[in-house]
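Think of it as A, B and C in the order they're written, each chain with its own count starting at 1.
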Amino acid sequence: MLKEMAAPEKTAPCSSAGLSNYFSADHPDEDKWADCVHCGMCLEACPTYLETGQEQHSPRGRVHLIKSVAEGKIQLKEQFADPVFQCLDCRACTTACPADVDVGGLIEEARGQVRQAMPLKGWKGAVSTFFLKGLFPHQERMHTVSGLLKFYQKSGLQKAVRTIGALKVMPDHLASMESIMPELQTPVQKKYKDVDVIPTKGVPKARVSMLTGCIMDVMFGDINQSTIDVLTHNDNEVTIPKKQTCCGALHVHAGDREKGRKLAKQNIEAFENSEKVVVNAAGCGCALKEYPELFKDEPQWKERAEVFAEKVEDISKYLYDTGYEKPRSSLNKKITYHDACHLAHGQGVRHEPRQLLKDIPGVEYTELSNADTCCGSAGIYNITNPEMAEAVLDRKMENVPEDVEMISMGNPGCMLQMAMGVRKYGRKSEIVHTVQLLDWAYQKDEQNAGLEKSIAVAGEEEA
Amino acid sequence: MGTKEVPQEPRKDTSVSLADAFGNRGAEVLTPKSEEEIAEILQKANQEGKKIAVEGGGSKRGYGGTKEHYDYTLSMAGNKGVVEHKVGDMTVTVRAGTTITELQDFLQEHNQMISIHPNWPDQATIGGVIAANESGPKRLKYGSARDLVIGLRVVYPDGEIIRTGAKVVKNVAGYDMNKLFVGSMGTLGVITEVTMKLRPKPKCESLVQVSVPEEKLQDLKDLAVRVQDSMIEPVSLELLNTALSKKIINQEAYTLLIAFEDVEKSCRYQEEWIYKHKPEGADVEVIHQQEAHHFWKTFKNLEPSGLTAPAFEETQAVIKIGSKNMDVYEIMKESAGIEAGVKVEAHGGLGHGISYYTLSGPERKVISAIQHLRRTAEEKKGYAIVKHLPYHLRDEIDVWGKKTSYFFLFEGIKRTIDPKNTLNHQRFIGGI
Amino acid sequence: MFGSKKRKKPQRDPHINKLIEIVGEKEVLYEDADLLSYDCDGFTVHKAMPKAVVFPANTEEVAAIVRYCSTNNIPFLARGAGTGLSGGAIPLNREVIISLVKMKHLLSVDYENRQAVVQPGFVNLKLTNSISDKGYYYAPDPSSQYVCTIGGNVAENAGGAHCLKYGVTTNHILGLEVVLPNGEIIEISEAGVPDSPGYDVMGLLTGSEGTLGVVTKITVRILKNPEGKQTVLAYFDHIEDGSRAVSDIISAGIVPAALEMMDKTAIEGVEAGAYPVGHPDDIEALLLIEVDGIKAGISEQIEEILNVCRGRNVREVKVAESEEERGRWWANRKTGFGAMGAISPDYLVQDGVIPRSRLPEVLENIYEISRESGLRIANIFHAGDGNLHPLILFDSRKPGETEKALKAGTACLKACSDVGGSITGEHGVGIEKKEEMRFVFTDEELEAQIKIREVFNPDDLLNKGKLFPTPSRCMDVKKIVKDTVAVQ
C-alpha cells in the first residue's frame, strides 16, 4: 500500500515542503515535471519502453515516479532507482515531447539523489569507480592505459589472448567489448603537447579550440587527428587547451553530480579564452552544453557555464555553419548514417552531418530507418546494463541494411557499440566517424593534386 | 391519438396472394400516423402478448421469418416525410416510412443524396433498408447503412422511445447504439426516425462497362486488381455474370461495372485509365450522366422482391453472399457449376465482398443451388443468406445459415430488449 | 526484468501468484512503486492504483486472466498505450490491468482484399508505415497515432483530422477477436467478411470504451493512398466569416479530406510553440483545408474553395506550394494542443460536437463562457465535422482556477448538447464526462445502454464505473476533482 510506503522506514532524507522524499540540494526541478501532461507521445521513442513494454521504464513513467518521490508517495529506493537507471539517457523523448519536457535533465537530477541515498556497491560500483573516478578524469592515467592497450595490441598478446580464449575469464559483455577495441593511435593531447596553435596551410579565417575527449583521444586518436586536419584544411587554426579534462558526462549520467561539477569547472576555466569549442564526440558536446544545469545552486558558475555552453559546437555543425571545401575526389562507398542520441536529440544536429556525407563525391548515401534510435551504448550503460544494451543494439541492427559498406556517426561510444553489433551479426560494414570520411576525401584530393602536379611537371619536362 | 383504443380501424388487406406466398403477415394491418401511436400500439401488444410484424414498403416480405402469421402488421407507410434538413450540415432526419426515392428526390433539389443505393427504391422505405442493412454496388466507395446512420429514434417493445446517436457526424458518447438496430431485421425496436450523413450529389457520373467472353473471366479479375492497386477511385467494381449481363446490357459475357462519381475532369481521366488498361479483346462501353443514372435505376429493380408476384411454375430466390473482396470472383466462377435448369443471375462487388444471386427454376433445383452456393461461400469463410424466398421454403432451408459461436449474445440482446418476443418474432438468425 | 535485481518479496497476494502462473514472473507488476505508472492515462485529473498489471503475450493468456478474474470476482480492465483523454483506463476499483502492449504484431496484410490483421497493441502509425511502400495506408489518424494502439482505437472508436472524408475507426474495422468478460473467446467476422449475419456486435464493441470485452485481434481495412493532395490556408478578419465558410465549402458539394479551424487565441498559441508558420497576429480565424483524390480533379475543387473563401471576405488565402510548406502548416496544427503550454501553464481540452451550421453561435457561446469565467479559451478543431476542441487555459497554482476551468469545460459541453450536438466526438466519456452524459441522454436511454452492457458484462467486473453516471459515484468524482490540483 502506498500509505505504508509513504511512512518512512528510516528518517526521510529531507522533509522540506514540496520536496518530500528528496534531499534538499540539487533535487529534481519541479518546473521540469510540471510541463508533463502525461500524453504518452514519448512512449514509442523510448528504447527501454519498447523493450520492456512497462511504463515505469518509459519517459512519462519515469517523470511520474520522479514527481511521486516529491509527493512523498515513494522513496529513494531500488524500485525508484531501477527505472531511473535503466534509462539510456538517449533523449529521444525530448524530441518526441510536444511540451518540451526535459526528461533527460530530470533523470540526471534524480540519479544524483539516488546515489546520495544509496551509493553503489558490488561489481557495478567497482566498475563505476574504476572508470569514472580512477580513469576518465585523469589524462595521464588514460594515456598510460592507452600505452598499455597499445602494447597489448602491438605485442601480439591481443591476438594470443583472442586465440586461446583467455577472454572467457572476463564477463561476457566485457569480452565482446574487448574484441572490438580499435587499433590505437597516439592521442593528440600527447602529440601536440608542445604546440600552442596548430596552423592552417592558407590564411586562417578563425581559431577554434578542441575538446579531445577521453575515450576519443585514447581509443580514437586518429579521429582527433582527422578532426584537426579537416579544421586546418578549412582554414581554422586549432588549439588544444592543456588544462582541459573529461567532460563529466558519464559522471552526471551515473548520478555523480559532484564530480561532474568539479570537471565542469575545470573545463570552463580551461576554455575561458577560447572563442569556439569544437567537439567531435556527441556525448561530450551535449554535456558541455548542459553545464549550466549543474550549477542551479551556484549562480556565479551558472553564468560562466552559460557563456561557455554558447561556445560549444559539434564539428559537423561547425563545418556546416562556417563553410567547408567540398572534396573533389570520390569515395565510392555505400554509406549510411546513425544519429548519435546526444547529437540528434541532445543537440538537434541531424541535417549537417548528412550533408557532409552527401557532399563527398561517390558516396551512395542510404538513410537508415529509425536512424535516431539509440544503439545501446549510452556512455558506460553497455557495461552497467549489458542485457538491455544488447537488446537495444539488436533492434538497431535490424535496421541496418546488409549491404552498406560504412556506417558513419559522430560519437565514440556509438562507434564501439555499433562495432560490436556489426561483429555480432557478421556484417562487413566499417564503422567510421563522419569527419574521418571528409578527411580521407581531402587526403585523396591532395594525393591526386600531387599526382597531377607530378604529371604536369613530367609533361613540362618532356616538352 | 390520446386515449383511443388501439387498434382502431385496421386497414383491410388487399394483397392476399402475396401474403400467402411470403408469410410475415399480421391478421390486421395497423398504419399509425405518429410515433406516439406506434408507442401505444407496441406497449399494448407487448402487455397482451400479441405478436407484431413490422413492415415498410413490403419489398422484404420474403426476407427471413418462419412465422406465417402475426397478430398485427405494423405498417410504417403512414410515417413519412423529412423532419429536418440543413444543407450546410449535410445531414437529414427523416421519418422511417419515407421511401428511398422520395428522400432522394427531396435531397436532389439541394444537390445532395443519401449514399446507399438499395433495390426497389420506389417501394423500399428508409426504415426498412436500415433494418435489413440493404446496400448496393456503390458501397465500395460510400459504405453501407452502418457507416451512414448517425442517429435513430426507436420505439422499444414496451413503448419506450429511445434516441441513439445524435445529429452530428462524429460522436462517441456512450455505446454506438445505432449499430444495434442497423440490420436487426426489426427484431429489437421500431425505427421511427433516421438521421443520416449525406453526400454531395456528384457533379459527374460515368459508368464503364468492360465485358469479356466467358473463358476470359480471369482478365476481369486482373483488371479489378490493377484498378485497386492504382490511384483511381471507382465507386463500384461490380462483376456481373453472363446471364445478368445479357439481361441488362444484352451482352453474353461477364461484365465489370466500373463507376466513377467525381468532378468531370477526374471522371474523364479515370475512364481513360480504364481504356488504357482494358484487357485485350474486351468490349468497353462508357455511359454518362442520365444514361448511367438510368442504368442503375434498371439495375435496382431487377431482383424479385416481396412485391413481385411469384411466377406460377418456378421458384425464385435471392441469395446474399458475404465474402472477402476477391472471393466474389471465385464464388462467381464456381457458381457456373450450379446444375442446369436453374437460371443464375449474379453480381458482386470485387471491392466490397457482397454478392447477390437470383436463382429461378424448379423448386428442388433452386434449393440445391442455394446449398451449393452456401457451401462454396462457407468454404471461403464467408456466408450465404437467403434474402428472398417463398414462405414455405423458408421453413425448409434455414435462410440465415449456421449460427455463429457467439449466438448467445444475440439471444441476450433480444431477451433484454424484447423479452416477450413482441417484435418480428422468429424473423432473424437462429429464430430470434 | 532487464538488469533489475531480485527484490525482497513480501508475502504475496495469492491472486498475484495465480496471475504469475498464467503469464510468468516477468510479466506481472504488483509492487506499488511499479504500479504507480499505471494510476492514470492521458487524463490526469483522477488517479487510482491498480491491483496488478499483467502483460499477456497471446489471446489464450488474456482469456485465462479474464477467466481467473471473473471467477474470483476481481475487477479488471484492458489498457493499450494509455493515451486516452477521458480516463477510460484508470483503475477506479483496484483493477487488474491487462496491458496489451506486448501483443504488438502485425499478423498479416492482404493487399488484394485490402485488409490487415493486427494485434491490439500494434501502434496505429506503424500500420501505415508498414504498408506505405506498397502505396497503402490505414485511414484513422488520431493525433496520438505515433504511440496509440489500434486496440485502444477500437475501444474508443478513435477519429482524427482526416475522418471527415474517410470516417472513424468503426468504419475501418472488418473483424474482431474478443475475449468476453467471462473469459470466452469469440471471433466476429474472422475473415473480415462484411455484414456478418446477426446483430452488429462488432459495431457495439467498437467505441464501448473497454466495457464489453477485451479485443485481442483486429482485422482492419486498408486504403490506397490518394493520387493527389492540395492544402489551402485561409485567414479571416472575422470569426463568423470563417465559420460560415466552413458550411459553405461543404454546401458547395466538396468533401475535403480535412477542414480544420483555429481562432485568435489558438493562433497565438501555435505561433509561440515549436512550429510557428508566421500567421498574422491580428486575424480572428484561420482555416486549413485539404483536398485529396484524383489529381485531375483537385485544382477545380481548390478553385471553388478559394471562391467560397473570397465570398466570405477572406483576408488572404493561399495554396501550399510545396510538400515542405504543407508539412509546416500541418505540424503547426497537429502540435496545437502542446503548443498551448507556451501561453498557459495548464489547459483543459474538451471535445464537443455540433452540427456544422451552428458553428457561429456555439463559438459565440464559448466566448461568453470565457468572459464569464475570466479564463481564456482557445479553439483549435475539426471544423469540417463540427468537432470542437475548446482549450480552456488556466493556472492550477492559482486557487480556485482548476474548478473554474472544469466548470467552464462542462459549460462548453452544455453549449454543444444544447444545439443537438454531442459531448464527445473522439475522446470518449471515460470517467471525465460521465456526468455530462445526462446532457445528451435521458435516464431511459442511459438505462437502455446499461442493459446492453449487462448482456456482455453481467457482473460489471470489466472496466467498472466508466461511461455512465451513477449517482453516488458521480458525487465522489466531483469531490475528487475538487480536491485535485494537477489538471493536464
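Throughout what follows, a contact is a pair of C-beta atoms (placed from the backbone, for glycine too) under 8 Å apart; a residue touches a chain by one contact, two chains touch by 3 or more.
The structure presented is a predicted model; accordingly, all values stated were derived computationally and were not measured.
Taken pairwise by the contact criterion, the protein chains link up end to end in a single open path, with no chain closing the loop. By number of C-beta pairs in contact, B-C leads over the other of A-C and B-C. Spacing of subunit A relative to subunit B, judged by their CA centroids, is 65 angstrom.
Inter-chain spacing, taken between the CA centroids of subunit A and subunit C, is 38 Å.
Annotation: 32 Å between the Cα-based centres of subunit B and subunit C. The residues of subunit C lying in touch with subunit A in their complex are 1-5, 7, 29, 31-34, 36-38, 40-42, 44, 49, 53, 55, 81-83, 99, 101-102, 104, 121, 123, 144, 146-148, 274, 335, 337-339, 341, 345, 488. Against subunit C, in their complex, subunit B makes its touches with residues 86-91, 111-112, 133, 135, 143-144, 146-147, 156, 160-164, 166-180, 182-184, 188, 199-201, 203, 225, 228-233, 262-270, 320, 322-327, 351-354, 380-383, 385, 400-401, 404-407, 409-410, 412-413, 416-417, 428-430.
Per the touch definition, subunit A reaches subunit C in the complex via residues 1-2, 5, 34-35, 37-44, 48, 51-56, 58, 60-61, 64-65, 68, 73-74, 77-80, 82, 86, 96-100, 384-388, 391. For subunit C in complex with subunit B, the residues that touch the partner chain are 110-115, 135, 156-157, 159, 163-164, 167-168, 170-171, 180, 186-188, 190-204, 206-208, 212, 224-227, 247-248, 250-255, 293-297, 300-301, 353-357, 382, 385-387, 420-429, 433, 437, 440-442, 444-446, 448-449, 451-456, 467-468.
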